[in-house]
Every structure is written in C-alpha cells, then in structure tokens.
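Before anything else, here's the structure in question.
The chains carry the letters A, B and C, assigned in the order they are written, with residues numbered from 1 in each.
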Amino acid sequence: MALLLELKQCTVQFGGLTAVSKFDLQVDENDLCGLIGPNGAGKTTIFNIITGVYRPTSGSITFEGKPIAGLKPNAIAGRGIARTFQNIRLFPTLTVFDNVRAAFNLRLKHRLAHALLRIPAFYREENDVARQVRELLDIFDLNRFAHLRCGNLSYGDQRRMEIVRALATKPELLLLDEPAAGMNPREKEQLMELIKFVKKKYEIAVLLVEHDMKVVMGICERIAVLDYGIKIAEGSPHEVRANPKVIEAYLGQETPAPAL
Amino acid sequence: MVYGVLRFINFAHGDIFMLGAFSGYYLTPRILPHFTGVLAPVGVAVVLFGTMAICALLGMLIERLAYRPLRRMPKLTVLITAIGVSLFLEYGGQFIFGADPKAFPELVPERALENTGALTITTTQIAAFIVTLLLLVGLTFVVKRTRLGMAMRALSNNSTAAQLMGVNIDTVISFTFGLGSALAGAAGILYALSYPSIDPLMGILPGIKAFVAAVLGGIGNIPGAALGGLLLGIVETFVGGSAFSTYRDAIAFAILIIILLFRPAGLFGKTQVEKV
Amino acid sequence: MKYRHTKQIALLVAVILAAVASRFSGSINPYYLQVILFIGINVTLATSLNLINGYTGQFSLGHAGFMAIGAYASAYLSTEKSAGIFQALGGANAFSIALIFALVLLGGGIAAALAGLIVGVPSLRLKGDYLAIVTLGFGEIIRVLIQNTDAVGGPRGYSGIAGYTTLFWTYAVAALTIYVVLSMVDSTYGRGFLTVRDDEVAAESVGINTTRYKVTAFVLGAFFAGVAGGLYAHTTTYINPSGFDFQLSIQIVIMVILGGMGSTAGVAFAAVLLTLLLEYLRFVAGYEWLPDLVRRIASNRMIIFSLVLIALMLLRPQGLFGALPRMAGGRKTPKSQPGPTIATP
C-alpha cells in the first residue's frame, strides 16, 4: 500500500510547554489507524498540526509526497484531508443541507461573478451540487432532516452530520477526533459500523483519536499510543494491549492518581 | 479594570467620568462653604468621596438594569448595549445639564508653588498627583488583599469555576462596576481641576483613550494600564505639539489598531493560543 | 432544488418602477422627496452593512467612514473632473448627466471599496468586540483625514455639489444592492459567508477560504456604502466631515440589528422604518400641544436612539425580524463533557 501521510519528528511547543515531542507517524492509503493516550497527551494537537490549525515548531509533514506543514487549513482541506472536531463544530444556523453544501465550496468552478450574473452554467453547477448533497444525505439517512437547522439535531445525529460534511470535501484521509465521546454503548456500536462502512465505500484512510478503548480496539488495524507528547508504543491492537508502557501510562505505576 | 474582570468593553465608562465631573460641579458649591480654613481639605475630600459614591451607585445601577440581564448573551449584544448606554448618558446629560460647557468651580485654590521658568507646579497638579497615587494604592490593596478582590480575580480567570467555589458573581460584578465607576468619577473631578470646562460629551474621547491605554498595557493588568495611559499621554502631547496637531484625535485609534494587529496581548501581556 | 429567474426579474421590475417614479418626482413636495431619497440611501447602507455584520459576522462599526469616502470621492469627481466629459458630449444634457453621474457613483464606490480592502485586513486577525473597536477607529481616522484635506474643504465642508440624485438613481442602487446581496448569499459560493459567521475553524476545515470571504464582504459592503455616500452628497449638495461620524455608523448598525442580522428583507424594512421615525420626531418636536418635556426629548433624537438600542438588546437581541435564534457566537455545545473513559481491556 502506498504511503499517504507521514509525520517526521514533529514537535509542538506552546510557550515553554512541549505538547508533542518528536512524533513520527505514517498512514497508508486505505489505512484505519488509531491514536490513543490519556487526557492531555497531545492527540488533538497532532490533529491540529496535520490540518494546519497550528504549525509544528519543528519537523515535517508530507501528504501524498508533498509537504503540507504551514499551509492554511482550507488549503490542506483542498489537498484531501478532512476532519471532525472533539466538541462538534457544525454551522449551527445553517440547515443540514447547507452544512453539507458548504463543503462543496472547495471544488466549485463558479464563484462570485457567476452567482451574481446567474448564467446557465451557474444553474447547472448548483443543481449538480444539490444532487450530490442529496445523495450523501441519503446514504447516511439524514435526508429527512435536510431543512432543519443543525442546532436542532440530536447529539448523535450531529456527530454523524459532521462526518458527512467532512466526506463532502471528497477527502483521501479522514481525521475523526473522539467520535464516540458522549455516546451510549448502542450508539458506539453503530458508530463503529459507520466508520467501517465509510472507509470501505469511499476507499479512504481514517485516522482516529479516541478515548474509548472498545471502539479503538474494535476497529483499528494499527494503534499509536501517546503519553505526555511522546509516542510510547505503536502496533496492532493486540501488541499495544500487551505493552507494559501503555499499561503504565493508563494505570500509573506505584502512586495512582488521586481520585477526583 | 472593568474590562479585565468582565471581558467586555464598557463604552459608558467615559460617560461615568463625565458624570463624575458634573457631580463635582453640583456638589462643590453646596459642600465647600461649610468647611473653611483648616477644614478645607476635608471639604475637598467630602466632595471627592461624595462623587465617587454617586458614580459607584450609578455604575451599579447601569450594570443592574442594562448588563446583568445580558450576562449569558454573546459579547456583541453586550457591546451594543454598552454603546446604547453611553449614547444615552451623553445625550441625556445634554438634556439635563444643557449642551454648553460649564466652568468647573475652583476646588483647590490654584497657586503656583514652584516657578523655575520652564517648569511650573501648581497646587492642583500636586493634589491630582496625590489623589491618583492614593487611589492606585487603594485599588491595588482592594484587588490583592481583600476577599472581594480575590473573588474578582477568580471571576476574571474562570467565571464558572469561581461560581462553583461559592463566589456570588452578581455581587462581585456589581462591586467591580461600582469600584470602576467610583474611580472614573474621581478621574472626572481630577480632570476638571486641570481643565475646568466641562460638558456632557467630554467623556467620549477619554473613554476611548482609557480603553486604548488598557489595551496598550495588557488587559487586566493594573500597572500596565497606568503605564499605557502615561505612554499614550506622552505620544499625544508630542504629536499635538508637532506639525500634525490636527491629527491628534486619530492618534489614539492609530495606536490601538497597530497594537491590536501586532501585539494583541498588549505591550506587557502574554499571548494566548486559541483552543480548538 | 429548482432555480428560477425570480431575482433578476424582481431587479428589473424595481429599476423600471424607480424610473417611472422618477418622472413624477417633480410633483412631489421637495421635503418629502428628500425624505424618500434618504430612505433609499439608508436601505442601501443598511443592506450593505448587513453583508458584513449580518451574513459574514464581522461586526463593523465603521460604515460611516466608507460612506464618507464615497461621498467625498464622487463629489470631487463630479465637481472637479467632469468638465472634460461634458464638453465631449456637447454640454449638460440628460444623457451626459446620466453618464457622468453613473461614472461618479462608480468612482465613489471604488474608492470606498479600496478602503474596505484596507479595513478588511485587520478583520483577518481580530474578532468580535476588538474588531468593532478597530473598525470604529478606522472610521474616525478617515474622518480626521478628510478634515485635514483642503482640496475637499477640510473642516469647512464641501459645498457646491451638483444635485444629480434622483429617485431613479437612488432606488436603482438600492434594488441592485439588495439583488447582489441576496443572489450572492443564495448560492453554494455565498453560503460560505454564513459559515464564516457560524464557525470559522469549521469553515476552514471544509476548505473554505475564510480570509477571502471576509475581505470580499468588506470590499463589497464598502463599495455599496460608497455609492450610497455618492448619492447622499448629490442629494444634499453640501457635505461636512462631522456628518460622517461614529454616530452615523451606529445608526446604520441599529437598522441592521433592528431588522435582524442576516435578514435582508428585515434590514431593508428597518431602514425605511427608522428613517421615517427620525423624520417624524421633527414634527413631534414642533407640536405645540405636547408637554414641553416630550417635545424636548423628541428634538434630541440621540436619546430616543439610545433607548431604542438598549430596549432592543434587552428584549429582542435577534431584531424584529431576525431569523437567527441568537446572534453570531451563540453556539450550542454539548452540555456534558464526557470524562476520561479509562477502560482497560
């Protein structure tokens, strides 16, 4: 399988604090990779440097062989990396339909002048976008909400919406930031099915940050474990589970963390 | 200071300053004649504290009526309301006090103490200096040493957590407003001592400049704000004396824009990274 | 989703109506005519500001500055630079005046758009109340600069501007502004403005160039404010820098808020309503039978304005016709942040 995303020796510092230190990661095409670690280990920071929200202090990031570190988030989305957020970030005042439609902006041929002049090509393209949005919503069974404001959807539907919106940018790599957060066991089962389905149907790679071990162990083919910004283990779910360093990071060694 | 604790721009601050000057204008002839001779400084103090009390009450009243109901609303809603309050005070003031400038009474007898040609120090300047110093010390004491001051700082850091720890935010915010307004009122009197012509719109520029000074010094940082005020004053005086004197009023804004663009945390503040 | 040509037709109808109405303007009382012209200008101002403040969520308090630039630039062009064109077209006739006025308005709009470009840049780094203060500052700086420019009269004001503005021009511009804003927002491209308002980080994550959208909003909004300024200058024939102060910006903002940020119809309606209200207050101040107090308050329009503003914010912050449940920034976040689920397999 071809290499899709590669992080080499990436370090992120905020003032004096090192959030991520010399982090390496490779994601292949069609890979389903998990990134786990205790709270504050730097997982979301890694997402943020991949998607251009932050710039790594040092190190390189390449996507499909080209460097992407330092590009703006919208340019990185254009290269084919889409993401969801830990605390759902939809466009709350837009409808479900428009939330997905907004993601088509990226591949729009006609822009300001066409929207004003309304030449036939504009209508053709708008109709084409509308059709694709409908198709996507259909696949994920969200069409019945198409004209509801996103803010009115249930929590689980909002999570799903965010994934659909990310897919609408037609990515090669999908980053999911704690998609199972706040879900009950049944919803988590459904989520796992959904992720597997998405990966197969759209033939994309998925990189997943997750707290919930069941979800991660259940679907990921490869897992990287992060603690205090340093990668302490990487391998198959089975290997990671048996790794003493991982157990130590999660359970602590002799002095357990005081209960809150 | 209000901005540091509550994280919103109180447009009406400059107008409280104006009300302070006017309250001094009305109080002085009613109070000062009762204190003659040795007691005169006491009379001045009574005027000053009376004004501060009036402004504190007004500030708290404004907070109660206009800002408290909006506490859970987006910042911009509050900002717009603050602009409304400010306009109301300005034009309401014009309505009640009249639009024409008034001569501020002589609170401290003006007398040159030291005259070495270029440098003249007057009694008013000394009085203003001493009062400012006392107020700054008092403010620092309140913020650093008292329970309410601690609650204020807690609120500034994290209002939810402060609330959970038993801080009554209504009281604290109200108190902050009162304190900030009292100081603004005192500043109004001090200003009127040196420039004894007051009118209802006098608060607009000082209000904006106070904000510029606060931003310049780093928001929520009392010594920083004082230093920012000093710096702004120096730059303005300098420009006012140069060939560009007609541009003077634009200077505060130009500084503000430059600071916000290049050092949004102020000269002495720390930058914060937005969390995603 | 079906697309029909309703918007273009509506624009055409509006322009024709404006042209027809213009033919009868001679029979309207000049005072009423001026009020009607002000209404059209205010509709243009409020609708264009709504693109920046309402749809794109970049709270600007500097619209009067853009208007001032448009007013001064177009006044300067029509007073100082149009003689040559008149000569080439054989003197002042209906055609040459129309052509020159169109060019002059365009010039005012372009000048303001350039200023919009300059002001739009800080909006890339600032948010919310800071941006509001900075745009306010820009507006004031523009005013001070004009005050210091002798070529356009400096603090004395600029007089002797030709009274070219007619009903046709005013309402054709208002209709065009509404058309541009509406047709732009109603497109996949235009939805981008709304995503910038709703959540910038999310917008960028789906590939939306928020920088470009914000600058576009500022430039377009400023352009139409500049054109409105040109119309204003050629209505009153005298302009003064102090007429374009921060309070004028606030008046336009109030129209946008009253109408509901991001609702073009509401904002246009609010502009009509507020202009009429302000004019009506002049009459109230003149009614002899009213108590003196009421008349004095009515003559001080800023008191009424500030009270309207405060009341609106306290009672209906979404505006009278607002579509938004809450203004930009009111994001719904999940209530429970799930704690760490440290499940050991």
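Rule of thumb we're sticking to: a residue touches a chain if its C-beta (ideal position, glycine included) is under 8 Å from a C-beta of that chain, and two chains touch if they have at least 3 such contacts.
In this text the structure is predicted, and so the values were computed from the model without any measurement.
Nearest to the global CA centroid, when each chain is reduced to the mean of its CA atoms, is chain C.
A centroid comparison over C-alpha atoms places A as the chain most distant from subunit B. Inter-chain contacts peak for the pair A-C. Centroids of subunit A and subunit B (each the mean of its C-alpha atoms) stand 48 Å apart. One finds 40 Å separating the Cα centroids of subunit A and subunit C. Centre-to-centre separation between subunit B and subunit C, using Cα means, comes to 33 Å.
With touch defined as above, residues shared between interfaces to two or more other chains in subunit B number as follows: 276. Shared interface positions of subunit A, i.e. residues touching 2 or more other chains, are given as 53, 85. Multi-chain contact residues of subunit C (touching two or more other chains) are listed as 201, 330. Taken together, the subunit C residues at the contact with subunit A in this complex read 1, 3, 5, 7-8, 180, 183-184, 186-192, 194-195, 197-199, 201-211, 216, 262, 323-325, 330-334, 336-338, 340-345. Across the complex, subunit B meets subunit C through its residues 8-9, 66, 69-70, 73-81, 83-88, 90-92, 94-95, 211, 246-247, 249-250, 252-254, 256-257, 260-261, 264, 276. For subunit C in complex with subunit B, the touching residues are 59, 122, 125-126, 128-130, 132-134, 136-138, 140-141, 144-145, 147-148, 201, 247, 250, 253, 257, 296-297, 300, 302-303, 305-307, 309-310, 313-314, 317, 326-330. Every residue of subunit A that touches subunit C in the complex is listed here, in rising order: 38-39, 51-53, 72-74, 77-78, 82-83, 85, 87-94, 98, 101-106, 108, 110-112, 114-116, 118, 122-123, 125-127, 129-130, 149, 151, 155, 165-166, 168-169, 181-182, 211-214, 217, 241, 247, 250-251.
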